[in-house]
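To start, the structure itself, in structure tokens.
Letters A, B, C and D name the chains as they come in the text, with residue numbers starting at 1 for each one.
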């Protein structure tokens, strides 16, 4: 793939809540097709950083450049429309509806329509295909099941499918692995690898370091809202500061 | 039937087989199942269109008022199902009422034109009025919607426009009570089925998405404020129709068109009937107005009784009457022993 | 003229703040929007009147009794109605509003209308401030307002109940873990708010008459001020009441008093458009629901 | 299939049968009562509550004599009352209209003796009276618009009559008293404080133009929304501009606060207008001697015992006997009493309850009532004036030591002269 400068460029982004400096002038760059991991102990400002990039919070200072375009402080839907799609830690689907209905909303978005050449197509069918892609067994009618009947793992997969449905260029996964069993995790990883192979750039905020390190090319470590380390997975934990930051907090 | 006290029991609810079948398999197996599906709607339609035949003149008038409140209640319910708590149905009602009144008073247009224009124009004006506050949520939005009609009312009082406190009188009436009756009732039914259909389309799914989880709708690249605006338009158009209709039904429009009752009663109706299904809030409106009419007999204490009933309703059936009935219709219940 | 505007503006603002106090406190603690507030306010007024005029009980005693009584009624309302609707905001609002209406209408039906239903007040006569005469009762109100504010400040910081209140207000679950019975506290908080309403009634009503209409006005003012100030933020409520209070007096003096309502409502809408979560509301992000 | 058709037809016939315009106007059978509607906000407003009381009194008196005789046959009177809840905040007019319609359509009232109180509501219900052809009497609403509408569209609104006074009459009392103040004490500076409702705006406009014509100086004119309870701003202005006469025009109880504040702020000026509380017989007890010298209006003579008008004395005595208290309101009570009698008389003259016949009979009314001599003008308004033998009468009185309402206007029935309030000096 061609590499025209930084795909996403975050330069000293900052956000303050009242007295607390949640994110303190964090900067990093991201090349297209890269797989970046963001880790850090609880309350180190990972999610806030994501909210800043995706426009859910307005930064007090700093810039976010996407493909050279300044997207700082744009409304979230505008940013999503550019192809920066995120998932959420807390999955809040339509519990009372069949699973595939949860993909209708992303499939309804202007971006999808545009990319599909001005027409949506049969959303239900597309939704079911997408779910099958992320491992909803069609023959056992899982995509048709009422959402509330699905186990947690499926909901997380559904969240992933939601992002894929948007035909994203950059996907930001917020603690996708949290609360997954080993088996569920194992079934999740290939999907992500597939996304990477399709050239989708990915940022992943994780606590499950082992799995993250297996797929990430690069890892950023946040602590108290500041970036304390940036390195390739196998070296990143070597830094003293990171050890200190993680001391006492579990490393799975 | 609740079994003897002492032993540990829990209530279990099971969908009636017929419901499961009629829901999933779309080829209905028997006439009976067809009936099961159609009965509620058929009964509703019959009830709505036949009862007027048995009512005296006054009964008809009451029914018309009921229809108006039913419309307002459904418009409130619709906003709720898009996650907007409105305390200002009076705004929609009043704007519609005044547009119709002004057009008829100054341009002498017949209700045939004023009502449709008021409906659409009212919808537009209200959407524009509320556009700046669409990003408010919960009680903050509610507060603004509560304030707006009161403010318009005061502005009319202060600036003496549109007949000031005295209002516009002697407007063109509708051609007759039958038309009034079936126009309003027909509208109620139309709106009911329209909204119920709308909310089940993909578009409606997006709307309910905004209510349940607007973050994920936003992150799907959908401009929720634009959608909220459309929802407000639909809701306020319904309210505006009600207002315009009342203007002509009573040949009068004035400041009272913005009064608090038009905001409170629909909410009460929605709450009593149960929100989210529109049928619920419609039912609620019918129950409440009927109640207040029955209570006319008792004179001054009427409002007291009325409120007492309301409180009891709410405490006994917080889910709303309609949801209760629906459950009874679709599920059967039994007490099963809890094994320890 | 202008000086008079300033003084009466201050008084008006303090009155608003007083009226709001109870509603705000209740909401701040237990998140209960007690729309029966107006009813309770008027209830307190009539109770004092009845105790004082019909049962010939000394004025101050009557006031104390009515405060307790109103608080008790408020508590009952929560315990037996609102508690069952915990979390269902719409129902809560409608139910409490209905209770308020019941109270107001009952007095109206019982024939409690007319000017004879007025309270004597504590001090009569008037004090000249600069070239403007101010009747003592109004100054008294300002005094009470400040005292009450101070008392609440101390109460919520240094007493066990007060701290418990704040506990609930900040983090209900944690409070539960710490063995604070949130239901009991909520009941208390509503009772407490109602009591404050009664105090406000006792000092403010002597300026006017006791009438059902007053109840609705009080409710509207309380809600407006609270929301403009940012829900559950006492400081915000005070600031808001000063903004609205002065806006009203100013318009009354220079524009004529049927513009007051318009101006104050306009102020409310504008403030909310500019600051979607009120003046001092906690930082509301897009995903939070109120 | 066939049965269905039959069924539908049946329904339709039934429907038509049920909905045929009710035929109450047909001649009454012997013994059938003549039904009069009373539709006013009883629970919310003393004027209306007492209006219902006196209407009941009139009814009892008439029925004691056997009722109304139509073509020689006696028919008992019957009152159907409905609370219209107008004047209450938050209540839409349609609520009042529905109450009126109930009385007309369901209770089959032949006429409405007391219409809604709030002018907005009354004006709106005029269209109902026209639509259903039911004579309706106004006892409270004072807006001139009523007369305007009747004169403009007589054939439509001819069913509406006004027994109570209108804003012009009310203004007449005020100007009458003002003229005296000017003549005796040379006062020339007035300040108007007006409730922002139809009648008072009309009255105040009339008074203001009169004052200016007479060369008075109108220092200010402030409107107050109904329910306003702080008049300090206006009083401040009145005080600072040195007003000699303050003219309040209110029919809301809150206006009593105006007096309290006036006393507290020591505004040295005669009040000459209407504050409901001042008209109250017990006002002296309520406000103390600070109200000495205050002038106030009694809209219709029947609402206060007037020695020169014996009927008023009897009326008040009867009220005391029947309801065990005084009439405390200055407006709309006595007219309700006369209204019933006028209607009864008209029905007897018309010899039927047919609305159009009734209207013709009503227009011929010439009845000596508690308010004076009652005759309708061409706009269906009772003519009010100064001589009880010529017209109905409005009253102006002054609070004088020792706590007594002394009637000072008009001279024909006056029981005393206007005196200067303590602490005020004549200007000439």
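The definition used in the following text is that contacts are C-beta pairs under 8 Å (C-beta built on N, C-alpha and C of every residue); 3 or more make two chains touch, one makes a residue touch a chain.
The model shown is predicted, which means the values in this text are computed figures rather than measured ones.
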Smallest number of contact steps required from subunit A to reach subunit D: 2
Selected interface, C-D versus A-B, where C-beta contact pairs are more numerous: C-D
Intercentroid distance (Cα basis), subunit D paired with subunit B, Å: 39
Centre-to-centre distance between subunit D and subunit C (centres being mean Cα positions), rounded to whole Å: 37
Distance from the mean Cα position of subunit C to that of subunit A, given in whole angstrom: 47
Subunit B: positions in contact with at least two other chains: 154, 157, 215, 218, 260, 264, 300, 303
In subunit A, residues with contacts to at least two other chains: 56, 76
Two or more partner chains touched - positions in subunit D: 43, 89-90, 196, 225
Subunit C-touching residues of subunit B, taken from the complex the two chains share: 80, 85, 132-133, 135-140, 143-144, 146-148, 150-151, 154-155, 157-158, 214-215, 218, 260, 264, 267-268, 270-271, 275, 300-301, 303-304, 307-308, 310-311, 314-315, 318
Touch list for subunit D against partner subunit B, complex: 11-12, 14-15, 18-19, 21-22, 42-43, 81-83, 85, 89-95, 97-99, 101-102, 105-106, 119-120, 123-124, 126-127, 131, 143, 145, 149, 153, 156, 196-198, 225
Subunit D-touching residues of subunit C, taken from the complex the two chains share: 1, 4-5, 8, 12, 105, 108-109, 111, 113-116, 118, 124-126, 132-133, 135, 207-209, 211, 213-214, 216-217, 249, 252-253, 256-258, 260-261
Touching residues (chain side subunit D, partner subunit C) in the complex: 43-46, 49, 88-90, 196, 222-225, 227-230, 232-234, 236-237, 240, 253-254, 256-257, 260-261, 264-266, 276-277, 280, 282, 286, 328
Touching residues on subunit A, where the partner in the complex is subunit B: 54, 56, 75-78, 80-81, 85-86, 88, 92-94, 97, 101, 104-106, 108-111, 123, 162, 166
